[in-house]
Amino acid sequence: MSAPHTGQFCALLLRRQLLLAMRRPIEMGNPLLFFTMVIVLFPLGLGPAPDKLAIFAPGVLWITALLSNLLTSDAVFRSDFDDGSLEQLVLAPQPLFLSALAYILAHWLTTGLLLALVSPIFALMLNLPVSALGTLIVSLLLGTAVLSLLGGIGAALTVGLKRGGVLISLLILPLYLPVLIFGTAAVQAAVTGTPSGPYLAILGAMLSLAIALAPLAIAAGLRISIDA
Amino acid sequence: MSSSAAGAPLLAAQSLSLVRGGRELFCELSVEVHGGQLWQIEGSNGAGKTSLMRILCGLSRYGFEGEVLRSVTPLYLGHQPAVKALLSPRENLQWHVSGEGLYSNEQIDTALARVGLCGYEDVPSHTLSAGQHRRVNLARLFLSEARLWLLDEPFTAIDKQGVDETQALLASHVDGGGAVVMTSHQPLQVTCNVHTLNLVHGVVS
Amino acid sequence: MWTFFHKLGSPPWLYAIAGAILRWLVPITLVALVGGMVWGLLLTSPDFRQGNSYRIIYIHVPAAVVALAGYYVMAIAGAISLIWRMKMADVVMKAAAPVGAALTFIALLTGAIWGKPTWGTWWVWDARITSMLILLFLYLGVVALYEAFDNKEAAGKACAVLSLVGMVNIPIIYKSVDWWYSLHQPASIKFSGESTIDPSMLYPLLLMIAAFYALFTCCLLMNMRAELLQRESRTQWVKKIAGKEGRR
Amino acid sequence: MSSSAAGAPLLAAQSLSLVRGGRELFCELSVEVHGGQLWQIEGSNGAGKTSLMRILCGLSRYGFEGEVLRSVTPLYLGHQPAVKALLSPRENLQWHVSGEGLYSNEQIDTALARVGLCGYEDVPSHTLSAGQHRRVNLARLFLSEARLWLLDEPFTAIDKQGVDETQALLASHVDGGGAVVMTSHQPLQVTCNVHTLNLVHGVVS
Amino acid sequence: MSAPHTGQFCALLLRRQLLLAMRRPIEMGNPLLFFTMVIVLFPLGLGPAPDKLAIFAPGVLWITALLSNLLTSDAVFRSDFDDGSLEQLVLAPQPLFLSALAYILAHWLTTGLLLALVSPIFALMLNLPVSALGTLIVSLLLGTAVLSLLGGIGAALTVGLKRGGVLISLLILPLYLPVLIFGTAAVQAAVTGTPSGPYLAILGAMLSLAIALAPLAIAAGLRISIDA
């Protein structure tokens, strides 16, 4: 009956967000669907020669992951803003940046994690060598987490705007690019047989930095958006 | 419980002034809310009631002059009901984002029953009628332990009986040493004393 | 120190001091710009490989250099606004963004125009060019976010958060893009290092760079004054200024 | 105008029955609305007032039994105000999606003035207060030429004075031979005769 | 003061939708922005070699156009549904399928048309030969109009769903694919110098068919969504 501790509250928010995602199973299937879509579109649009596809597989997979993240980031706080829940969250006695972290974690679990787990299937469809699958999964796991955190910043800054819309993609796309570059580089390295460790290490470093700083930026952004 | 108005105020606003869209909504407004008081903010549509409430609870932090001191964490219910359409009323209360408390199933059932949602505990909230939707939010009042309540038009879409019951709850909260600051376009019919703050005339009475 | 800080936070003082600086900076900028143009465009000899088209360097390089510096001005102002809650830093940031965006755009445009005769194509995905494009996005993001907010105080805070996040990212972006390019293909066209430029071309270039810095400062101060007037439009000091201008 | 209740009804519902979420909301409900009548549908939250209104105006076409006959195009104002946040009140009325009429600027200004939005004609509607936002929608009543009005809780968020003025308008519409079917949780205080339809007791009086 | 004629009403709706788009200038810049974004992603993900880019330019441009259409289609009726305007539109005495056509036209004007007009810039950045620009523009003009009409059907069917979300992409993606195939084929033909006329003719035929049938489907979809 007493106010929950910070840890309890974050766990509660995480469960709530996951439950909400489960209530929209189609939304949950989103990354999978989007992956399928783009993987179908690419051979259709680019021509299906298998050798060409293999060259581009890392790039295509990573671009898809990035787009799918970009497109779902906008919704992280949107519905909570629209129905007034975000006001209540901002007023909660628990520290806002930790609550925000719970939201981002839920978003990552329902997009990035799922995406990384299903990526091997699509990688094989694009003729990516089996030896590179491990690196692909790890790079996606690390990279999409960074993307979710960065996307959260954009979402927090734009959620209150009546005339924002796709502003978020303009805000966060430049921030996404380094992740894309190191992510594809890691997979390319694995394909060509050179060590991909350094790239994964850089992604890991980016993730640590993002975990440390992004929640603060998100919390600040949410407070500003609620106010405006 | 100290229901004496002499102690430290739960909420104190000092010379608040606000201009919005080129109109001065209020100017040099000061008010102290003590335990045991029920304040009604009056004013016609667009007078600035909601703006004032958001300043009092701390959601608005820029664009006004003056200072607000809060000695307790208030419970704020705004125009938006903060009820998630995809969750059932029970889930809405159990996992509420306000971080207020962890309630047992019985407590939640009791609260839902008291707002007349018995039998609707586990349907998705978007199948509720407009008034039932808002009642889910009102159920938080039956659970809350906060001493200070800030309620912005809590009676919207609620039927006559619901309004009467909510008013009785407000009175008992105030009698128990709590404080309520609220807005409503309907005249209050409560057993306790009502302090009014009229935004048009800037009168505190 | 504190009194200086305090003064910086006072709009009328800032407005007055910016006016005072502008009074002598504007003529200097104009002289330097015109001087640099005349020197660079008329008094130097054509390049033996590129002929006359290289002369666009006198716009391209200064614009690129100052555009980069401009981002740091904006981001530092954002940091000050968030950390010390100084409203006037918001004003600096708001004023810097469009100027920086314009300079970046000029650098891109002149680069593209220059690329056609020298490289035979308007655009290549070179590391430097790509990172310049990203810089343009970062600037445009700040401008667009500011415009999207109705409440300008909130807009300032939001842009401060964004430009700070951008500042953390800028080194990462530059590192990654630089590194990305070198991995995929060797440079087919090398930029000439500054040291290899003939002094007769270098000195007018340096003058133009200095002139562009001055130009940036002028635009920044003018934007700031306009923004100050708009924000403080209902205060006494602005009404007094408006009254004076009106009587004139 | 034929304000006699003897002519053909503007709206006739014949033995309507509706079950929602396993609850029977109404059963074999028949009602005839003639020009010159004001009908109030009564019932507590969740009684089925909104469901009935949507059936009457033709938005709900499946899932109920019975028949509705409409001899005129009604004007329906629902729970949602249909006011676009990005457009100003003037633009909202000028370019309304209901396809009702093309109004001149003067007509619109007059209507907005009558709902107390004088001075707010050209600000974006999302900067209006909750009540002002809904008043934009009410302004349609001052413009409309429809004979039959279906109003679902038109007084939500409206202040006392606004409610009085709207009630006067309803009475004059009815006196002019029009008909109104409405729901409200507040007791009506109008000069004309009020027919009530109580959903809980299924009584038509 | 009397009820406007059908034609008047459609013109009014069109102006209203365009005005709403102009109130969100950033949203209007959406296709441009999205184009830029994806065009930047591709060289970064796939590698910047100019000759490789040229091969893929038609596919990349068309996939971008398709994605940008897919992503904005969802919003055509969304805000009108949320604030109750759609109810009023359905109740309007004018025929609903013509009103729906006005909505779709406004959507096309603010996405497809804009996209076709700016595409040459991006085509040049991807090293598409100048000779293919004309075909690119015409194919985009015709194709995006078909996409907007098809997207409208999906939007109308899903707008009322509390848990719809990306369901729309699942519904309409299969319908999009023929447009993608003929669109890229037209541009590819222009690049290689073979006649692109037949492909454009097919796109034109698709457009005629879509204009005739889609509005009816959209109107039916809207009535169903409002009812649920």
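Here the chain labels run A, B, C, D and E in written order, and each chain numbers its own residues starting at 1.
Just so we're on the same page, a contact is a pair of C-beta atoms (placed from the backbone, for glycine too) under 8 Å apart; a residue touches a chain by one contact, two chains touch by 3 or more.
Note that the coordinates shown come from a computational prediction; the quantities given were computed from them, not determined experimentally.
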Check your understanding: Within the chain touch network, how many edges lie on the shortest path between chain C and chain E?
Key -> 1
**Study point:** Taking each chain's C-alpha mean as its centre, the one farthest from chain A
**Key:** D
Revision key, fill the gap. Note, CA centroid farthest from chain E's centroid sits on chain B
Revision key, fill the gap. dist(centroid_CA(chain D), centroid_CA(chain E)) in Å evaluates to 37
Revision key, fill the gap. Here the gap between chain A and chain D, centre to centre from mean Cα coordinates and rounded to Å, is 46
Review point. Taking each chain's centre as the mean of its CA atoms, how far is chain B from chain D in angstrom?
Key: 29
Study note, to complete from the structure: Flagged in chain A as touching 2+ other chains are 23-24, 162-164, 167, 170, 173, 177, 181, 227
Review point. Which residues of chain D are in contact with two or more other chains?
Key: 79, 85-86, 124, 127
Check your understanding: What are the residues of chain C that contact at least two other chains?
Key -> 134, 137, 144, 148, 150-151, 154, 157, 180
Study note, to complete from the structure: In the complex, the residues of chain D that touch chain E are 57-63, 73-74, 76, 78-87, 91, 95-104, 107, 124, 145
Check your understanding: Which residues, counting only chain B, touch chain D once they are in their complex?
Key -> 20-21, 43-47, 49-50, 79, 116, 120, 123, 127-132, 135, 153, 156-163, 185-186
Study note, to complete from the structure: Seen from chain E, its contact residues with chain C in the complex are 26, 36, 40, 43-44, 47-50, 53, 124-125, 127
Check your understanding: Which of the residues in chain A end up touching chain B in this complex?
Key -> 1-4, 8-9, 12-13, 15-16, 19-20, 23-24, 79-80, 82-94, 99, 223, 226-227
Review point. In their shared complex, at which residues does chain A touch chain E?
Key: 23-27, 29-30, 33-34, 37-38, 40-42, 44-47, 56, 58-60, 62-63, 66-67, 71, 163-167, 169-170, 173, 177, 180-181, 184
